[in-house]
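First the structure, in the form of structure tokens, and then the observations on it.
The first chain written gets the first letter, and so on, giving A, B and C; residue counts start at 1 in each chain.
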Amino acid sequence: MTDEAFPHVVERTGALLDEVRARRPRVHAITNAAAQTLTANLLLAAGAAPSLTASAEEAPAFTARADALLVNLGTLDAERRAAIPWCIATARQAGRPWVLDPVFVDASPARLDLARLSLMGRPAVVRCNADEFAALAGEPPSPASLQAFAARAQTVAALTGPVDRIEDGARGVAIANGHALMARVTAMGCAGAALVAAFAAIEADAWLAASCALLALGVAGEIAGETAGGPGSFPAAFLDALHRLDEPEIRSRARAS
Amino acid sequence: MTDEAFPHVVERTGALLDEVRARRPRVHAITNAAAQTLTANLLLAAGAAPSLTASAEEAPAFTARADALLVNLGTLDAERRAAIPWCIATARQAGRPWVLDPVFVDASPARLDLARLSLMGRPAVVRCNADEFAALAGEPPSPASLQAFAARAQTVAALTGPVDRIEDGARGVAIANGHALMARVTAMGCAGAALVAAFAAIEADAWLAASCALLALGVAGEIAGETAGGPGSFPAAFLDALHRLDEPEIRSRARAS
Amino acid sequence: MTDEAFPHVVERTGALLDEVRARRPRVHAITNAAAQTLTANLLLAAGAAPSLTASAEEAPAFTARADALLVNLGTLDAERRAAIPWCIATARQAGRPWVLDPVFVDASPARLDLARLSLMGRPAVVRCNADEFAALAGEPPSPASLQAFAARAQTVAALTGPVDRIEDGARGVAIANGHALMARVTAMGCAGAALVAAFAAIEADAWLAASCALLALGVAGEIAGETAGGPGSFPAAFLDALHRLDEPEIRSRARAS
């Protein structure tokens, strides 16, 4: 990315945190059972308004009143299978962004099929880790393969890991913030994808929204890693840090390039 | 309420906390997925014995051995839809109190219908927020509309918010305890409704049980708000405070009128 | 047990903690809704790699790639009922150990029936409390009844409570570590059974695996009980302690006989 893009991501992150706190966007999250509480609490800590209903009868009504939708493919039970296509259709018809988190598509052929069908519904952002990307794209992640995937699927590819990488086919940024304990707490990535959705509810440039969200999460994780006594106390420290996070803190800690 | 009623609520709250710890009432809670862990942990912290099974095949058996039932309409999947009427019938037949928490009835017509049907099963207490009350009662909450609703439905209306208000048609109390962080943690209200059920298992006067439970929750929340570093560390601080809560602490902090 | 067995359990516990951290065994856990997050976080804190999917369509594929399986009978909904037999069959065919946690079989006849059927699938270990054992075995727990049950079902009986007792029909050990707050946090036992599965993935002697896991959990609980401010802050302190636990700490605290 150019020299100009990097400070833009840093500045926009602080502004987006402020705007989420002021405007309280509604995010409807269909997510896996183990991620539900952390996802709702992350959205609340950031100032957004979560809902989590997954039943096919009700989730479309919740999606219709939301400003963004998150679809996480974990816990793919009958209710969620039936609900997901209707929720995607509802978000698209309302012109609201939605984020796809293809959890564990590398572990289940049925889930990989559903992820590929879901991609046809044009998610604004796909958030995944290296194994999930490889299963979905058919090749391991690299700046080039992420760009190609993003261009092909007309989405933003947001790869999370020790270094996050966000590509939309034209622009790319790598974010080196974060902490090793984030990998020792379940659903950190799943919950983080909800912040991507909250930011996308406000920032129409989905690449910028995803980049800012992953930067905010990485910085909050870094702060939490300095105070937590281990993986047990990490989630509380992380949510506390995200709740307080501001532009000066982000500016002083950002390691994006 | 009269001058006599207020000290009675304060005194009875400390006594009910002691009685729950001594008698360990069983509370069966059919509640939403994101609230299950906090609900169980709140009941355990208070000294009660929770169970959470939601399947239609098993939940009535759990209800039959419980001292009170909580029905929360979040996560209204097929299993819960099928289980709820049988559990309500079981509690009524056994003469045990049950508490209705009509979560998000303002967001889903299907849920509002079910809440109205459930009201026919005569919950001892209905716990809701302002939006949920307005959807259920057809008018915004006020002392008069809460009283009218309670009288009409032959229940106790327990409205939670910055100030809680508990009305049974004849008596009313407003509780101003609590902390702003309670609104930044998912399922605090849902879990709190389980304490209403635990108190109702012991105190036959459902208005008194609900008033005392909301006072205890508000005071515990206030204490937690003074020590927590943010919304992430709030739930642990809240449960710790509830676990230790006693009559002198309640007396010194109660703001009821 | 003989004098020789006791130091062996203590030594092996430290070694197994190291091996789990180095080898990161995959544990697939079908467990109840309220236990999912804590179970995943306990496995991650110990260094193992959890997965939790419960749907019949996907859970067998996750089991096939796992090193051990945990089947907890809480939240026995239609998805889990359908998934459990296929997952057990998958684990057996792959020669992987599986652990049965017959939660609340004392409260539901349907669940007791399923637990008895599941026993025919030869779990390596059955983890239960006193009430669950009594329902399953038809008599209250004692060293003799645990031995008889273990011999009859060709499994290891791991009874948890103020004192844990692990019997395989020939060998027995009693572990007196732990803390009273462990009974005031939901799903501590359920999550602990996942560590039994993680240890069984590495240690082929299921009695030794279960004994070491319960010793590690008891010592971590004891440490957490010394620092936690109550049941709310206990789970974080417990996971932090388990994450740091090592052989010298175990040796100095073990109360096994």
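Some observations on this one:
What we mean here is this: contacts are C-beta pairs under 8 Å (C-beta built on N, C-alpha and C of every residue); 3 or more make two chains touch, one makes a residue touch a chain.
Note that the structure is a prediction, hence the values are computed from the model and not measured.
Between chain A and chain C, two chains of identical sequence, the interface residue sets overlap only in part, with shared numbers making up under half of the total.
Rotating chain A by 120 degrees superposes its CA atoms on those of chain B, with the angle stated to the nearest 5.
Each chain gets a centre from the mean of its Cα atoms; for chain A and chain C, those two points are 33 Å apart. Along chain A, residues 33, 37, 78, 235-236 each make contact with two or more other chains.
Those residues of chain C lying in contact with chain B across their complex are 32-34, 37-38, 74-78, 104, 107-111, 183-187, 228-233, 235-236. Residues of chain B touching chain C in their complex: 33, 36-37, 40-41, 44-45, 50-55, 57-58, 61-62, 65, 78-79, 235-244.
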